[in-house]
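Letters are used for the chains, namely A, B and C, taken in the order the chains are written, and counting of residues starts over at 1 for each.
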Amino acid sequence: MTRYSQLAGEGRDASDLPVWRSAHTLDLAYVGYGLLIVALVLVSYVLGVFHWLPHDPEQIRFDLLNAPPGSAGHLLGTDFLGRDILSRLIVAIQAYFLPGLVAIVISLVAGTTLGALAGHRGGEVEVLVTYFNNLVDSFPRLVLILLVIAAFKADIYYIMIIVGVTGVPVVASLVAGKIAFLRQKHFIEAAHVLGLPSHVIVLKHILWYHCGPLLVIRATIGMGEAILIETSLSYLGFGVQEPMPSWGNMVQAGANYFFQGKFWPSTAPALAILLTILGFHLLGDGLNSILEDRGGK
Amino acid sequence: MTAPLLEIENLRTYFYSRSKQAFIRAVDGVTLSIARGETLGVVGESGSGKSVTALSITGLVSAGPGVISGAIVFRADGVEHNLLQDLEQYVRLKERDGRIVEASKDEPGWRKAVERLMAPVRGKEIAMIFQSPKSALNPFARVGDQITEAIRLHTRAKGPGEAKERALHWLERVKIDSPRLRFENHPYGLSGGMCQRAVIAMALASEPSLLIADEPTTGLDATIQSEIVGLLAELKTEFGIATLLISHDIRAISRLADNVAVMYGGTVVEHGPAPDVLASRFAPKHPYTTALLASIPSVQNVRDKGYLTVVEGEVPDAVDLPRGCRFYARCNRVTDDVRDKCAQHEPELQEVMPGHHVRCWLYTE
Amino acid sequence: MSGSSRPPIRSKHAARGVAGAVRTSGIAPPVLAADAVKLSALRPVTLVLSRELALTALLLLGVSFVVFVILFLAPGDPFSVLLEGQMPSHEARAGVRDALGVPKTWYVQYVSWLGNLLRGNFGTSIRTGLPVFGEIVRVGLSTLYLTLGSMLVTLLIAVPIALHSSVRGATPLNRPFTLLAYLVSALPVFWLGYVAIYLFSHKLGVFPLVSAASPSADRAWLYSLLPICVLGIGNGTVSEVVRYLREELSRVMAEDYIRTARAKGASVWRHAFKEGLLIPMTEIIASKIPFILGGAVIVEQVFNWPGMGRMAWQAAQDRDFPAIMGIVMIAATLVRLGSLLQRVVYVAVNPRASKQRRGAGWAE
């Protein structure tokens, strides 16, 4: 049974309700969870940078190997060398946080520029940008990164540049699509007629008002992707090297013990990856849903 | 007098705006009937609820809550179908001050029930045509195949060859050019007018008892519009099929309709024989109807006044319906002795002449 | 847009020889007109397809250029190493560069490298000394097997979910299912692989694992089942496919022609299938190929599967430029082939495709 009820007062002012009243509860839950994750990541990043950690992440304790969570003040237990897992998880965030931001900035800035150019100028510019997009999309990202690693070195920032560049097509087509859609609406023509210079129209009206939320959503999803790439690469052995922790290399290192029945050293970082990426994805998804609902009504 | 072919009683179809947390009362108590062979024209502005009424009849309303109360009886093939049977089992309403303020509906359950109820009727006994004929046809299938699909589903011609024969026959009946060629074409190769002819052929090919035409001429070029209206008029004399014609094109209505119902704000405000309702002078009329007729760009109107009269104001927000008569705010025939009644109470439909009903305090005691 | 009468096409097609011979003499005019419609629709289709082919070639050219630029700019002049590797083995490899004397311009290097590529000469692997192309083909088939298998798995899971949630709308079961899909997608694939191995191989002993040697052909499918499932489920593809399919299906369900089908009492599904499921399915799968190939790198690592992905990992470790370059080229080619195939399906299904100019691709 779906229930529809009209709030008290006929003839009430038909102004729209604030966002949190009209959105689906589930979308709000998604956004809430996502924001929580973002907050945790930020906090952990700061903690990691200043080394405000419960334990020394590199301290080996042979007497406490593979301790379960909760033993002797180790909230999340210890790994196969007796090192505190929680501290290592926190420190490992530095492996992807700043590089991830680099990737996001690159894809958003370059993507928006290309998309705006293509959408606004159309014609040959559009063809060129489309070609560029299809070209970039032809590469499997991980394989391309391996090429760069082979040619240059396994530097996370080089890698994130690649991640950023491969993220450009999505952003560019989003922006260009939005512009193509908005062009049909007459306010762009009106703005032209009023004498507003082109770049003002594009920057202010289109990008800020309309694409802003879309780009924020893209940024959240982009961060999720960056985390995935970084952890995958360090799992493969190309990222941060031991004893420096990264969620990826923690999973890899704990893998042997996995088959001996000691799941936790591998599972703890895997859960961290899961919950964090989930948080970013749900945040993006929830925001997207809410945005669509508002736009529709 | 034989029982009418279609009887709609007190139909209510509501939608819901989540951002405003209020009902959109698209159809708010509509009562109509169509006799066998009768063409009923329904006029009104956009937003008056005409299309939603049509969709409610065939159970095509998908947004929630949709149809919440009323009865629709359809008599065809010797069988009486109650198209809103057991609706009460799926809906719970809560009223306050005579207005519905809460509706709970078991939507999946009702949807299943509707599909069951409508299965023997849709396409077979009741056929529908819509506006924008180009988008009404499946762009991935040939025009002819879409017509034969209807034929093989609903008539006795089950074989592909036989169905194709009939389809071609109907394409000729609707005066489409090169029927054999058009049969093989895909919709993108046809113009708007030709598409509409094909759609009409598709609708009539299953030999229904009732044709519901929802704005069949809107969206077509002016010359094509009159061609389609002419076609419908010819088909009407040829087959005598009952038609519910919804349009805001008054000239089409006057050419095709036997009876006319005028809708405003989700209800029927006037209902009667076409000449009475549409004739400019003598019969008593709802102020909305008079205003509507006066605003038609016609030589007579302009000659009489020198300018086009406009119906002042806007269609009422279906969310925010006023207390009294729905048309009160825009009415230009209010007199002092009825003003209070108009503002406070909604009038009922009253028979002011045989067969002619008006919902207005000017004609009611 | 009436285009009522068409001139007899017969002679033109007889001249082209395209089915003209079949259509000659003894055909009544109405049927001929119908055939004429079909035949004249053929020509634009082949035109569109040849245009797609040309586009693919152009894109692959661009891919080769990008690869070239990366290697050319890399420290240590790996490009010369590559070119030397492309020389036939009986020539003194180390001496080639000196022997030629004149330093080659980048343009010449690019062209000669590309020429070799097109002849199937991908150079020799630094690690093994064997021709790269042959190696890639050998392992590439294993990866292709994984890739196609995982696509099947993904579709088998995603399509029912998308159908259910699109047709039923917002049912209570809908959201948890989607959430489950998201959850599984966010799981790191490598960890999921370990769990799968532990559960199915160690504990339950159901699926055997690949040992160092390649599995024998007749039992190969059994070995591949686990990695295929892990790749198909755990890579994050499922949730995106579900989302895209559901969007497209919902969009199509709201189209006017579906309303007509409903009003007609016809099977909605028959009408919605092409645009609502078939086309979106091919579109999303084609666009996910690069993603799946990337996932294969990881999955092959976890399962020790002898495929292209593991070869790429090895090559990156060893700085084996020819090998990794070859893999990038082959992978990109696979991606573009998949895209081409998708376009073929689209044109075949959509009668309007041959007439329309292909949009700028903002559709996704």
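Basically, a residue touches a chain if its C-beta (ideal position, glycine included) is under 8 Å from a C-beta of that chain, and two chains touch if they have at least 3 such contacts.
Note that the structure is a prediction, hence the values are computed from the model and not measured.
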| item | value |
| --- | --- |
| Centroid-based (C-alpha) most distant chain relative to chain C | B |
| Maximum inter-chain contact count - chain pair | A-C |
| Where chain B and chain C are represented by their mean Cα positions, the distance between them in whole Å | 50 |
| Inter-centroid spacing, chain B versus chain A (mean Cα positions, whole Å) | 50 |
| Whole-Å gap between the CA centroids of chain A and chain C | 26 |
| Complex interface listing, chain C residues touching chain A | 55, 58-60, 62-63, 66-67, 70-71, 73-75, 78, 175, 182-183, 185-191, 194, 197-198, 202, 236, 287, 289-291, 293-295, 297-298, 301, 309, 312-313, 315-317, 319-321, 324-325, 327-328, 331-332, 335-336, 360-362, 364 |
| Parts of chain B lying in touch with chain C, wherever the complex brings them together | 58, 60, 108, 118-119, 121-124, 127-128, 130, 132, 135-141, 149-150, 153-154, 177-178, 180-181, 183-186, 188-191, 194, 199, 202-203, 206 |
| Contact footprint of chain A on chain B as seen in their complex | 14, 16-23, 64-65, 92, 94, 99-107, 317, 319-323 |
| Chain C residues touching chain B - in the complex, by the definition given at the top | 1-6, 30, 33-34, 37-38, 168, 171, 255-257, 259-266, 271, 274-275, 349-352, 355 |
| Interfacial residue positions of chain A with respect to chain C in the complex | 26, 118, 126-127, 130-131, 133-135, 137-144, 146-152, 173, 176-177, 180, 224, 228, 231-232, 235-238, 248, 251-252, 255, 258-259, 266-267, 270, 273-275, 277-278, 281-282, 285 |
